[in-house]
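In the two complexes below, chain A is the common chain; its partner is chain B in one and chain C in the other.
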Partner chain A sequence: MALLNRSEWYDIARDTNWTPSYVGVEDIFPDEMSDAFGLSLDQWNAYDEPFKISYREYVQVQSRKDADAYSVKAALARSNFYDNAHPGWQSILKMHFGALVLLEYNAVIAEAKMARFAKAPGMRNMATFGSMDELRHAQIQLYFAHENVSKSRQFDWAIKCFHTQNWAAVAGRAMIDDLCLGRDAATMSIMLTFALEQGFTNLQFLGLAADAAEVGDYSFSNLISSVQTDEARHAQIGTAALKVLIANGKKEQAQRAVDIAFWRNWRMFMTLTGPAIDYLTPLEKRHQSFKEFVHEFIVAQFERSLEDLGLDKPWYWDLFLRTVDYFHHSGHLELWFVRQTLFWNPSAGVSPPERAWLEEKYPGWGEKWGRMWDVVGQNAIEGRDDKVFPKTFPVLCNVCGTSSGGIPYNGYHQGHWTDHGDGRRYYFCSAPCKWIFDVDPKRYLGHLSITDRLLAGQILPPTVEGALQYMGIHPGERGADADDYAWAHQCAAVSPSQTKVPHGNLATGL
Partner chain B sequence: METLPLVCSFEDGCILTLVPVDVDGTMDEVASTVAEHFAGRMMPLYPDRTLRVRKQGDEAFLPRDLRVRDAGWTALTTIQLGYEART
Partner chain C sequence: MTDVSPTESLKPLRTWSHLAGQRKRPSEYEIVTINTLFRANEREALELASDVPMNRWYKRHRAESRLQHDDWNAFRDPDAVTYRAYCTERDRDEVYVDGLLEQYAAQRHDAGLPADWVDRLAALYTPCRYLFHTTQMTSAYAVVMAPASPVVNCAVFQMGDAFRWLSRVAYRTAELGKTYPQSGFGKQERARWEGAAEWQGFREMMERLLATYDWGESLIALNCVALPAVDVALQQLKQDAVARNDGLTRFLIEAQLGNSARRTRWMQAFLGFISQRPENGAFVREVLGRWGPYGDRAVQAYGDAFGAGRGAEAVVAQEEARPRMP
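Presenting the complex of A and B:
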């Protein structure tokens, strides 16, 4: 018997929107779980997913992808790539697996929530496959990461990171809970699949894959490229939802959801992926700068996506474009200072040739961040451990959970805070994070960053060591300078006068 | 010693840091305490220049002998350190 073409049966097979008679529609699709925009089932019936797939096709395609990824890994198993890899690249692997793998499990739940509660049959169908995609991403990346557990305690820690009170895990959990788990299906489709997956995952999975291939880590490159092919499919869920929402007069609310999620994602990618690309990747293997990646994969593509949908650029777009030049440089400096809280070893990434590269990619870098690294380098050379580790805590944003970052030697002002009348003062890294808070304060009132926990007396003793114990990160797991300060000695050798900056003795100098 | 946690920045810097200061201290003592987390660590320290304290967003520095408990600050007030202009 001849099989029907998919197009002849697909719409019937995915449509379960019959008229309920035993319970009300509002019981099956409560707004708080399904659709904060309040569209009817009829309006959502117009949802037309651009990427259609059947279970049979899905299994065939995914099976091939898995076979490819695992066979490359098996073929390279004896290459000892990790053992011989640049320390910066080893750190990128720890960062990637620690920061993303368990978030993929959360994405499983988010997609499953859309599969159950979305009012549009097409969205439920796509999200069902999306949930299976995310399960694959979590498990295949855990499997790939696991082989390195025996090689470094930091890899072991990376995999348990999201079960700890590490500041980065706290921020990551808060973000994924806010955008992907604690919203209704329609809003999640915008925040997770449109803003995060369509907006940003190309940067992590294609940009990083290009760098991975450059450094010869073909196993990792192949793995994350394989993951991204799934993302590209289920990222379409939100685009189709936005079309329905805009067609039914919900552009303003949809735009707000885009604006919230884009900025939250940008802060997280800026904090982790920015330093990875511009400072941790071995210089001779860098494919592009973070700024160039952002302009190629985010600015150009996302602007086009917004325009195609009839949406506006987020209200803070000009600020976003400016921050591409500086946020991650300040963030990297601060990450390096708090390296004991990290489960990877950050490369300072500021040896003389690396500085030249940074100056070429970010004109003026040397006069701003370079001057700061001069001071840090001199302290490192002189063995001033009291100067190259923090004695206190950075102030973390009460929305995104990352530190604020300005431009050095620019009269840094940070005026984004609010007193909400509950006895707490809330700080924000930027105007957009303050705006996100102001849109819906109750979402964020109860959340405590590590800094807030210190002030609340939850971290005892209230010292840096007390905080490290609270985070559960112990000697042998804590991050250290990846190059053992070799960069500082190289700088001093090339330009001794450059590093002779006044750093005095505060105890007697003031 | 009773302390007050302040959110501190440095005019040449790029980050915010939490620093507890003695409520009985003067602004000069606040400057010294807070500077230890910035100057000579990420930014050069110029011992021959005077560091002053101002409230975030203000142009004018606070009087050097003003005490913290008289400044009207609450926990997490934001201050900024800067070098006094040479005359």
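Presenting the complex of A and C:
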């Protein structure tokens, strides 16, 4: 006789709900930790995870994947790829590791919260793997990033970033805490695995792995592909949860969770991935614009997922589609301006051929952002540091923690705020972030963005240098223009008239 | 890091800045394990309003716990287990278990078991999946609550091990059910867990433990009382499996106890680590005093099912199985 098939015993392993009697069900599964939707243990018994794997299969598959990823790295260790890589790609690596790796570790904890508090046994088991997966993602990526610490102090931010009060760390923590640990297990399964992982990171990793292969970074490409395969599995936890919730009359609440999480993810995604694809990736290696990527993968896939479940598109869907054209262009310009706060060196990405590419992909780009870069370039050539570095920091959204991302020259103004009962005016980047706040203000009350802290006198001295110190980013770590303004000189050489614009001052933000 | 002068330009180091001060070159374990858990700031765990339930939860059950240490990141797992080491080792362990299952299946082992022993497996072995699942859940809680990554990660692997044995028991439940469709395998475990006398001590302990949210009390009660009690119960079952010529159950339990030894090692190191702060000793004693009786009742009730005096033997055995403060 051979071994039993998994299907012959799998259901027994997820038949583990029982009726406690020494304490109450609510003592073991308090609503605030388990299920804001208020379904019973029996209702959750219907949960059926679509991707089934046993522990035995898990350790076998995972140990092989690890052996592959680590051995490719070892084989390519002497290739000196990093030293000869395009500066834009070097920046993408630093950004990726610093902005992401410890968030993966945070997901170890978040998945464990589902493994402990979810009322569905299948979810508890899948989240047990999910937690282990996330530990893999944190550890393997730290190991890869560590290889480069002796090459640039900025790689130290792979582990340092989220221990600081850097604005990017504050925004990253605010997002992940609002979607994951700050929610009950059921809501988290929707926000983390359905909206974040299935909606964004799973697809983002596919794109990133392809880009890495394109630039010749095979070690990193292989790493990201390997991580993505885990993600594709545990990202399905939320889909199964949504089915149970919808079947039990909770569609409206579930829809709200989806809407909140998608927007929060989108803001973070456009802030980092938008500039990475459209400005940092070497021009000759770009096979798709950020907009094309979003439409082909994020939009099409997410719309299909929603339809399959019988959910609606988020109420702000039309606005979302419009913002794909502009959020990240303004976001990139703002990031470049506050580059001293970054742990990577942003390429401006606006040399003449890059501008031509941007104009082709985003007709009208030159009229909006090109004109602004003209001013920046001229100031850079003239060595006007007072105009190419910020004098202060932009207003940051009191939900997402990033700046406006509005369209320049169209009368943009900070038009979203709420005067709350605590006497404070809260500002938002957009109508959906304001909506998220208004749905449940007590989640965000009292929280101060970096700019709020500056204005509240918590950062001393209240100067840019004081704020950089407060953010824990020191000389030797601070971002600088990746090309030392070469793009500005190229632009001036190609079209001297292009730079003949009045001295503007973009240093105070858009 | 805030004491760096603004004019000094930081140079690349050979390792993470937080490990650069160590005398020894950091190991792979340290590079990927230490200092990976972050919090919003000194006061709050999460970057949300102070009053968000989970911020209050962390404050009440972790920040205000009596189990404290000035530098949790200084803890080191004595086995220095990383994710890749864990999966590689457990894959090997599972190859061994697959081999056992295949070999015994080929010998039609189950068909040769005495009828009363089959009943005993149905009563005392296959309901274990509920017990193991409660330890999986409680270990998951330690992952959620532990204050620093070197401790969190030990709990992650412990959670994985609990799920490992839940899975193997589920497998055996299905397999025994094929040979003995009338014996209730796969059908009666829940009723036994909820009602049979031999399980009520364990169930009471685990339900109360699941409803105990102070992170220190939960972890110490789990690893110093509840899981050692589970080990003792398994030892007893193994002892009888040997006597009844049930080699498969015997070897499966031996393999499982190998995982327990790993847990005991990290817990022993953990107790040594927390003993650097004298107040923790009093706390641990208090927790053991509170939970010890639950462990005693659990193994007593379970052991009595094997015959007169076996429960009392188990109570003595588990006293010895508990990790201790140095």
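Note that in this section the second predicted complex is superposed on the first by the 499 of 510 C-alpha atoms of A that agree within 3 Å, B and C clash if a C-alpha of one lies under 4 Å from a C-alpha of the other, contacts with A are read in each partner's own complex, and residues count from 1 in each chain.
Operating definition for what follows: a residue touches a chain if its C-beta (ideal position, glycine included) is under 8 Å from a C-beta of that chain, and two chains touch if they have at least 3 such contacts.
What you see is a predicted model; the values in this text were computed from it and never measured.
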item: Room on chain A for both chain B and chain C (clash or fit); value: fit
item: Chain A: partner with more touched residues, chain B or chain C; value: C
item: Included angle at chain A between vectors to chain C and chain B, based on C-alpha centres and rounded to the nearest 10 degrees; value: 140
item: Contacts of A:Ser403 with chain B and chain C, given as first, second, both or neither; value: first
item: Touched partner set for A:Arg116, first chain B, second chain C, both or neither; value: second
item: First, second, both or neither for A:Asn125, with chain B first and chain C second; value: second
item: Partner chain in contact with A:Thr392 - chain B first, chain C second, else both or neither; value: first
item: Nearest Cα pair across chain B and chain C, whole Å; value: 21
item: Interfacial residue positions of chain A with respect to chain B in the complex; value: 326, 330, 333-334, 337, 371-372, 375-376, 379, 387-388, 390-395, 403-415, 417, 425, 427, 451, 454-455, 501-506, 509-510
item: Complex contacts: residues of chain B adjacent to chain A; value: 5, 7, 9-20, 31-32, 35-37, 39-47, 51, 56-57, 74-76, 78, 80
item: List of chain C residues in touch with chain A within their complex; value: 1-2, 4, 6-18, 28, 31-33, 35-38, 40-41, 45-55, 57, 82-84, 86-88, 90-91, 94, 97-98, 101-102, 105-106, 108, 129-130, 133, 136-138, 140-141, 143-144, 149, 152-153, 155-156, 159-160, 163-164, 166-167, 170-171, 173-175, 186, 190, 193-194, 203-204, 207-208, 210-211
item: Complex contacts: residues of chain A adjacent to chain C; value: 1-4, 8-10, 12-13, 15-16, 18-23, 27-28, 32-33, 54-56, 58-60, 62-63, 66-67, 70, 102, 105-106, 108-109, 112-113, 115-116, 121, 124-125, 127-128, 131-132, 135-136, 138-140, 142-143, 146, 149-153, 155-156, 159-160, 162-165, 170, 173-174, 177-178, 181-183, 442-447, 465, 468-469, 472, 474-477
